[in-house]
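Right after this note come the structures.
The following pair of complexes shares a single chain, subunit A, combined with subunit B in the former and subunit C in the latter.
Then we have the complex of A and B:
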């Protein structure tokens, strides 16, 4: 399969996914995928920077400074959201898979999971924001 | 009943002329209780005879007029204009090759259907009367007997869009209908087919299939029950 056809297939798939008028379940799934990509990106970066310790500790130290920049620390907030949403929504899907009779409460299960996500996310976000503000002073 | 003007925005594709599909608008007058199928028939009969689409019973039983209406899979014969607004988009169901306009090639879908052995398998000699089944045993798979193979579910599934080898919700619903039939003896065979990487585990519990089913089959629940059966039967 050529690169062009892979790109074309990805384009068709993204268009279908974006334009299909699915319900709440589809939106929850799209967000699940996006947050999964977010977590994957962080893990990839993490693996690369840990690898650099063995390669050249000085390069590692220089790069670590980047993580402490305010912009990158805002990225921590995004990372927290990605991890929390992916975990909570994943638990919701596992629950529905184990108890198919709960399918009628699919909409409610998404609403509950969003509340749980917010309860876990908002305090984390406030703590990170507070630390960023303190570091700027 | 007073008629109103609506615009049907239809995705057209003629493989003999077009390289890619394009949209065409048709303005028609309809009664609020007319169905989308009535509008399509009007266009074909009085405005543009080249418009192609499948329809047969026109009463939600044969499943031949499945299409994507206002972004979602539905049967054109079961949707009224009053439910859809003044401008309505109509396009073929996604994930299957378009032959012309709203007609798709259903072969892949039928191939997946045939793969799950959708017929009763019982090697015991037939009894003098019918093979007895209690009302409770019959109720176990009642919901999945309602499938009309319209493909609304399978072609609304992002997992199927991503990988056409995925058997899809309709085939799993058909498998469910026989796996839980107390008279059938090939449940293990079907579960083995469904345990493949393109089988039941490719379902991501998105619920598009359940939302799209014009027969109101609890598709995601049926898939969940097959997953459970697969898991607990082995345990």
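Then we have the complex of A and C:
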């Protein structure tokens, strides 16, 4: 099988995932996967960048400048959202998995977790935005 | 422990035959998820909003923490736990995505093998760098 057909297959499956009408639970699951992949990608890069402390301090410090660019700081906001959503939704899944009777309140549990995500995420986002604006002046 | 009893129940079920790997993977995702929910959020919040703040982190900050006479060992153990749990949890999550979205068996095996190699290499690289600085700076 060719690379193109692997990509084609993945696209077909991804379209099915996206168009499947599973309601709120399905949407929460899609977002859990996407945020998980986002955090994984950052984590792999983060292991590599921390590995670079083994090299010359000057080189490492020069590279940290990249992470402090305003556009990367906006990326931090995305990272915060991904980590917070994945953690809160994960806690919800674990709770329902270990207390299966609660699955009938799945919709409510998602609504609660959305509130918790916003309570944790919005202040963090505002602080990071404030820091970006300060650094621009 | 409630989770363990679920694993034992599932394993004891007559209908369940074969490899228990996926069952333990499921259980690991829950246990590591709880641990990560605490330590990753703590890490994220402290590195961004604690001292010296995300823009102030330089080579000296990182290596200084690891080689600190009092707190060095604690920092290293914390970072090692963070690395092992987060990257194992994340890699297993990516494996789930590959299982779901790559229907061709040969390609799936190839991609999972590559994922496992990346997992091993980055885990070793990360663990090495945490413990590679011997003396206080």
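Miscellaneous remarks
Definition applied: the second predicted complex is superposed on the first by the 128 of 137 C-alpha atoms of A that agree within 3 Å, B and C clash if a C-alpha of one lies under 4 Å from a C-alpha of the other, contacts with A are read in each partner's own complex, and residues count from 1 in each chain.
The working rule: a residue touches a chain if its C-beta (ideal position, glycine included) is under 8 Å from a C-beta of that chain, and two chains touch if they have at least 3 such contacts.
Owing to the predicted nature of the structure, the values given are computational and were not obtained by experimental measurement.
A count of residues in subunit A touched by subunit B and by subunit C gives the higher number to C. Legend: residue contacts after superposition of the two complexes on their common chain; A:22 is shown touching subunit B, with no touch to subunit C. Looking at the shared chain after the overlay, A:97 reaches both subunit B and subunit C. By the touch criterion defined above, A:13 lies against subunit B and subunit C together after alignment on the C-alpha atoms of chain A. Judged by the touch definition given at the top, the superposed model places A:54 against subunit C, while subunit B stays out of reach.
In the superposition on chain A, A:106 contacts subunit B only, with no contact to subunit C.
Subunit A residues in contact with subunit B (one complex) as well as with subunit C (other complex) are 13, 97-98.
Subunit C meets subunit A in the complex at residues 2-3, 6, 30, 33-34, 36-37, 40-41, 44-45, 48-49, 53-55, 57-60, 62-63, 83, 86-87, 90-91, 93-94, 97, 100-104, 106-107, 118, 122, 125-126, 128-129, 132.
Across the complex, subunit A meets subunit C through its residues 1, 5-6, 9-10, 13-14, 33, 36-37, 39-40, 43-44, 47-48, 50-51, 53-54, 57, 60-61, 64, 67-68, 76, 79-80, 83-84, 87, 90-91, 94, 97-98, 124, 127-128, 131, 135.
For subunit A in complex with subunit B, the touching residues are 13, 16-17, 19-23, 25-26, 29, 93, 96-101, 103, 106. On the subunit B side of its complex with subunit A, the touching residues are 68, 70-72, 94-95, 156, 158, 161-162, 204-208, 210-211, 218, 220-225, 227-228.
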